[in-house]
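In what comes next, chain A is part of two complexes: it sits with chain B in the first one and with chain C in the second one.
And now, the complex of A and B:
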């Protein structure tokens, strides 16, 4: 196992180098830079802009900028955000943390919904319940989650007007958040996170449910399931011990993507719910060409993906004894 | 309930297992009757689609339902507790206590019949823990003992191996170890050697015979291989189109078959004692035509369309199973002339 991990580490070095090159130069494909938009600002003189450009290093050739960036990266410095005038890490970290609450909760809800539905669909194949969930799943599959979010917000507002209940539909905290106790703060965030998290989970649940159902069906018809039944194993154990254990193997291979997903935020769902996650900040950074915020964030995502893939390979060898690394 | 002789372990009476499909009712097993005595080996012979596997799965109550269903008949089985029960009427929980404990089964495909993610020891121990109330450690020790019994070298080490680390023959030995781990009264072997190469086949058959002597169980041996029948069986049931067409002592059937289908089967295997000089090539006889679709069986004898002895009367009604003497029966109206 250890030699495998070491080889894995060495092999990922060129990947990371390639990734830094791609990230940096693809961002540069957009015309202009962070200061271009300031040219139209009558309050800032041309000289000031030239000064800033020199300060930010934007007057240097791209290749020189790239190597400065890499040199700083090697010292653990992701660079400076132009817009915030602070290190990228300090700017991004609190937002990533906010997103993490949302994504963690949503991932939990996601599996709590997807696994039972997938198993149910296979065990009771073609039953009324299976047909209803299948239809619903196909419907959700064609539904972008931000649009689902809009519909949910609409209905929640209707309920709010009708009943006067205080159901939050945006933001992450209530106005009196700072006065609350620790537990109260936790519950307040939970209250705000719940609806976007559930919407996010439901929007994504269809694909996994369908695949799990297919995997379960395939394994339920396997010869070794007949063997288990012939031994007198109960139906519950047949489903969960013998079938499910085999059916989840392909999903373990996908776990690597979970790690970068945890920091990448909830996408447009955050925007729709005006949630202070990482997505709105990244969109701003893209618009204003805040170079190092985008580059630094993308790079961290890629590092996490590489680590995540290694983790899922290790997990895979734990779950499936046929896979061994030497 | 039909009376059961004291030395009868299993009595299948008029068993009908039907599959209700969109295309119609498939009568895979249509009124099968046979019995199996204690310590005896009964071979059920027939082509693919003759209903022999469905018969064995019906005895285990492992027919997928829907679409399958035991429509009629009874399966009387005398368990290790000495009580005779009708298996078709038992609850699912009662049936689970019989499966793997009183009746065990081994299958045709040793390569896929073991769960790939558990060690062979775990899989054998599962049955032991389930039926004998042992804890995990005791069960694992017993599993290693079973592996030794079925002739797997270094059983203490191999008990912790996974199925993919073993060959087909080894895996079938593991299946046998699992099936026999609770000393069943009946072992159903559904073509256990079909997927193995010939040298391994002989080893597995030897092993089964040896263990039958040691444990004293009965074997219901399902096969299409008449060579295996001659080697293993005491009595033979020949099935065709979901019905028993001939039943009798193994020597009787091989020497004096009383059904044209059995005759056809016997003529289609090469024999050493057919007194032909070297170089004198004799073509093997094949049975013309195909097995009839179980959706659309002929109204009379199911074998009539392929039978060279068929006369008009054969197509009128399903022939009865007639006694031809010595406990030998045949479902052919012309058995006296054969």
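And now, the complex of A and C:
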């Protein structure tokens, strides 16, 4: 196992170097820079914009900017955000943490719903319950998550009007958050995170449930299951020990993507629920071409993807005894 | 006699030393007796704060901007646009032909940490803003034609400002927010610009932030909410007309709502007190909630036009295509283009009826005060346009129905605006459609914003575009013309950036701009503005189209708004000092 991991580490070095080059120069392909929009301000002089461009190092040739960035990266510095005038890591960290609450909760809800539904659909194939969930899943497959979120917000407003309950329509904490006790704070965040997390999870459940159901069915009809049943293995063991374990192998292989997904936020759901996660900030940075925020954050995502893939390879060998790394 | 004189002097001194600023009762639609104390004003903003540092902050909505609410030596009275002494004790003493201002500072003002606000704070603040290495957004306002404004301390409570030339915006320029010398001065002297840039970031504990103004930071939650609490020391020198300390509010919170729909939803749910609704659709949503009895809110639509302009500019620097360059430089062509702009249809179709037509570089919100009646307007008139184009030689139409000149060259140009801006794309398409009616071929094309800006601000004899549709905003009503826009040397002198004036009218406009900019008397400034607008309109270098309107929407629990006649896009709808929760 150790030589395998070492080999992985060495292999990942050219990948990361390639990634830095791609990230940096693809961002630069976009026309203009952080200061371009300032040119349209009738009161800011061209001289001042040139002065700022010098201060930010944007007047240097691209290749010089790149090597400057890499040099800082090697010292563990992701660069400076133009908009915040702060190191990228300081700016990004609190937002990533906020996103993490939402994504963790939603991932939990996601598996709690997706796995039983998938298994149920396979074990009770073509039952009324299976048909209802299948129909529902097909509907959900067609909904983009932000649209589902907008619909949910509409209904929350209607429920608020009808009942007067204080259901949060966005944000992460209530107005009086700072006055609450520790438990109260926890519950307050939970209350705010719950709705977007469930919306996010339900939006994603559809695809996974369908795939899991298909995987389960394929394995349930396999010869080794018939053999197991003939040997008199209990039905519970047949489903959960023999079938399920084989059916989830493709999902384990996909866990590598989960690690970067944890930090990269919940996408437009965050925007629609005005949740203080990383997405609104990244969109801001993209819009204003805050170069190092985008580059630094993308690089962290790639590093996590490399680590995540190594983790999922290890997990695969645990779940599937046929896989061995020599 | 002598004794009476001393008594009089003593009385003047006493009233001068401790007199608070009294907020005129006329600035609120509610009497001071109606005001209740306490409560929180809940507002929202679209993107997160970037810093707490007043010297690196670059955005219109910022934490330092909020801390600076209720500061400045002078402040503008929305009733008559006059500057009245605010942190200054009385009107300035002007000498040296209008270039020297000696200002006496009001005594008894304190920062939120209890330290007194004195002349040193203004001197240090100016020094740091004027340091190029700091990169302050206020840098330009301390320079006139690259020459600095000199700020000198004459005494603990007296300042002297020396301007390199007479400036109409002098009082506005010297009304910057004073930041504490005891916080920034030492750091700047020992560490310079680099040390200043490290101060007051979003990670700085809020109890280290010192505010000169109405608000103090209470808490900051990244990407979520910033809460401000009232600065009690500010209330010592700010009173309402009944003598009560201001502000009435205890707190003010800014919630970050990155999506407009989410903001509207929060307002409808009663979680926000005020919202900047801009489209007919958004106003309708709020109206439905009010009509359904689910929300109590005041909706004032079309309060005034916005302080912005949208226009089409034609490129005069097109050496590579002499035919087009000749057309674009022909005043008859540009007047014809103005006749082709169906501004009423633009307002109706693009802004849903919530907009105002515009004809000048002057923002329509300032038109009432600044544009005299006699200024020519080239209004929508297809016949007039056809006639002007015929005079230029475009009499016949080709087989596709487009106008051609005697040599058979078609009247055709490209027009671009920034992709993704639905309103501008709508204006562009509407213009292209009307132009087609008289036989002008307009190839309308949305392109990336930054590409567009680079094309527009490119310089030289051959610039890479035909015509661009864009907009401008920002600016004050003191001398409501852009320093980058009107003079020939400005980088937003969009039709001709060759650096030289190409027509006598441009020369005259540059001259009138400088004249107005250096005129301290507002009545004379308005006369000059009238002359400038007349020249501009006749030359029609840029065809102005329309602006969206400004609407005021707030929860009915708020009191203390401006009387309706004082509200507009420039002065907005209320002062926070006089705002209260019913």
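Just so it is clear, the second predicted complex is superposed on the first by the 324 of 326 C-alpha atoms of A that agree within 3 Å, B and C clash if a C-alpha of one lies under 4 Å from a C-alpha of the other, contacts with A are read in each partner's own complex, and residues count from 1 in each chain.
Rule of thumb we're sticking to: a contact is a pair of C-beta atoms (placed from the backbone, for glycine too) under 8 Å apart; a residue touches a chain by one contact, two chains touch by 3 or more.
Given the structure is predicted, the values throughout are model-derived calculations rather than measurements.
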Joint occupancy of chain A by chain B and chain C, clash or fit: fit
Three-chain overlay, vertex chain A: chain B-chain C angle, C-alpha, nearest 10 degrees: 160
Touched chain A residues, chain B compared with chain C: C
Partner chain(s) touched by A:223 [first = chain B, second = chain C, both, neither]: first
Which superposed partner A:7 touches (first chain B, second chain C, both, neither): neither
Which of chain B and chain C A:71 touches, first, second, both or neither: neither
Which of chain B and chain C A:124 touches, first, second, both or neither: neither
Chain B and chain C, minimum CA distance [Å, superposed model]: 47
Common interface positions of chain A, toward chain B and toward chain C: none
Of chain B, residues touching chain A in the complex: 60, 62, 92, 96-101, 104-105, 107, 109, 112-117, 119, 123, 126-127, 130-131, 162, 164, 175, 178
In the complex with chain A, residue positions of chain C that touch it: 40, 42, 47-48, 50-51, 53, 56, 58, 132-133, 135, 137, 139-141, 146, 197, 201-203, 219, 221-225, 227, 253, 255-259, 261-263, 265-266, 268-269, 271, 292, 294, 448-451, 453-454, 456-457, 470, 472, 474-475, 482-485, 491-492
Residue ranges of chain A touching chain B (in the complex, touch as defined): 222-224, 226-235, 242, 245-246, 249, 319-322
In the complex with chain C, residue positions of chain A that touch it: 30-33, 36-37, 39-48, 51-52, 55, 83-86, 90-91, 94-95, 98, 150, 153, 157, 160-161, 169-173, 175, 177-178, 270-274, 276-277, 280-281, 283-284, 289
